[in-house]
Amino acid sequence: MSRGFHLVTSEIVRQLPPLPRTGIINIFTKHTSCGLSINENADPDVRRDMEQIMNRLVRENEPYYQHTLEGSDDMPAHAKCSLIGPDLTIPITQGRLNLGTWQGIYLCEFRDYGGARKVVATIMGE
Amino acid sequence: MSRGFHLVTSEIVRQLPPLPRTGIINIFTKHTSCGLSINENADPDVRRDMEQIMNRLVRENEPYYQHTLEGSDDMPAHAKCSLIGPDLTIPITQGRLNLGTWQGIYLCEFRDYGGARKVVATIMGE
Amino acid sequence: MSRGFHLVTSEIVRQLPPLPRTGIINIFTKHTSCGLSINENADPDVRRDMEQIMNRLVRENEPYYQHTLEGSDDMPAHAKCSLIGPDLTIPITQGRLNLGTWQGIYLCEFRDYGGARKVVATIMGE
């Protein structure tokens, strides 16, 4: 996955089993330098601006960083991971993810070369 | 809902059905420019300071923003939405939300004129 | 708990009852000036850098703060609490927390002297 904010709603949804009528779905990424978020699903400029905003919030090469062995993108990626979070819990209503019209699921890749990312989806309900 | 941080615990709780003895409640807002958070429930100054802190973390009118058609408050609102998050999952213990003494639920409105906001509550447990 | 980012995975896990085969665990802190996060579990420098990054994101003694009666660390602690969040929901798979190899649970203490902190764990599944 390349560095940046990626819209992954349909990639996640098409791999789900039939959903319960009512419940929740927990989506969880098993990594410490990417995150999951929900944001605007229409304009790719939002994803580009998000990447720029996060890069300015947590800058690379700060002189006080001590965890620097894995490259200049690594410690900022950990911090962004904690700010965005690895987990989302979304309601399921009438057998579908109850997202708003403009909501999409983002995989936020904070490393320059993060490789493949694993996301675990757990469905609860009846 | 006006721009700012609003304490909405009682507005949410009074619309809930009887709760299970033990479980969780997921609270989810279906929008991309507001968020849900838990913070101090007593001093309105905390909510005012939170608004000021978030406005400085993600400033309006940055020259590098590309998503600008909907106004200067729009792209910062999307970024704040991802930083605060749209979802909360709170334990239910002995039939009540198991919040700490000082914890309240905030609806964080990041648009100048966000209009009505929808919040979905899903209760799991027995 | 001293101010800073603390790895508490094993302290939490060893207090859990037997877990269901599949499900979720919600972990929730009942306070408004600490948070729960998931991040790198190996290098203590990550926790040190996280503390420094958060201290620069939300600085003490900003002249515009109004909520100042409880000390210079208090309002920044509330803001950090909302940025990191009080809740985590983690998948349970094959009877264990389904964390990635490098993921650990952090209790993020944002007060200079936060005292004892309560964390509620709620397990759902079968």
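First chain written, first letter: the chains are A, B and C, and each begins at residue 1.
Just so it is clear, a residue touches a chain if its C-beta (ideal position, glycine included) is under 8 Å from a C-beta of that chain, and two chains touch if they have at least 3 such contacts.
Owing to the predicted nature of the structure, the values given are computational and were not obtained by experimental measurement.
Annotation: the subunit A:subunit B pair of sequence copies touches via predominantly different residues, less than half of the used numbers being shared. Superposing subunit B on subunit C by their CA atoms means rotating through 120 degrees, a value rounded to the nearest 5.
Subunit A and subunit B have centres, each the mean of its CA atoms, that are 19 Å apart. Multi-chain contact residues, meaning those touching two or more other chains, occur in subunit B at positions 57, 83, 85, 89, 124. Residues 26, 28-32, 57-58, 62, 64-67, 75, 78-79, 81-83, 85-87, 89, 118, 120, 122, 124 of subunit C are the ones that touch subunit B when the two sit in their complex. Against subunit B, in their complex, subunit A makes its touches with residues 22-24, 37-41, 43, 45-46, 48-50, 52-54, 57, 83-85, 88-93, 98-103, 106, 108, 124-125.
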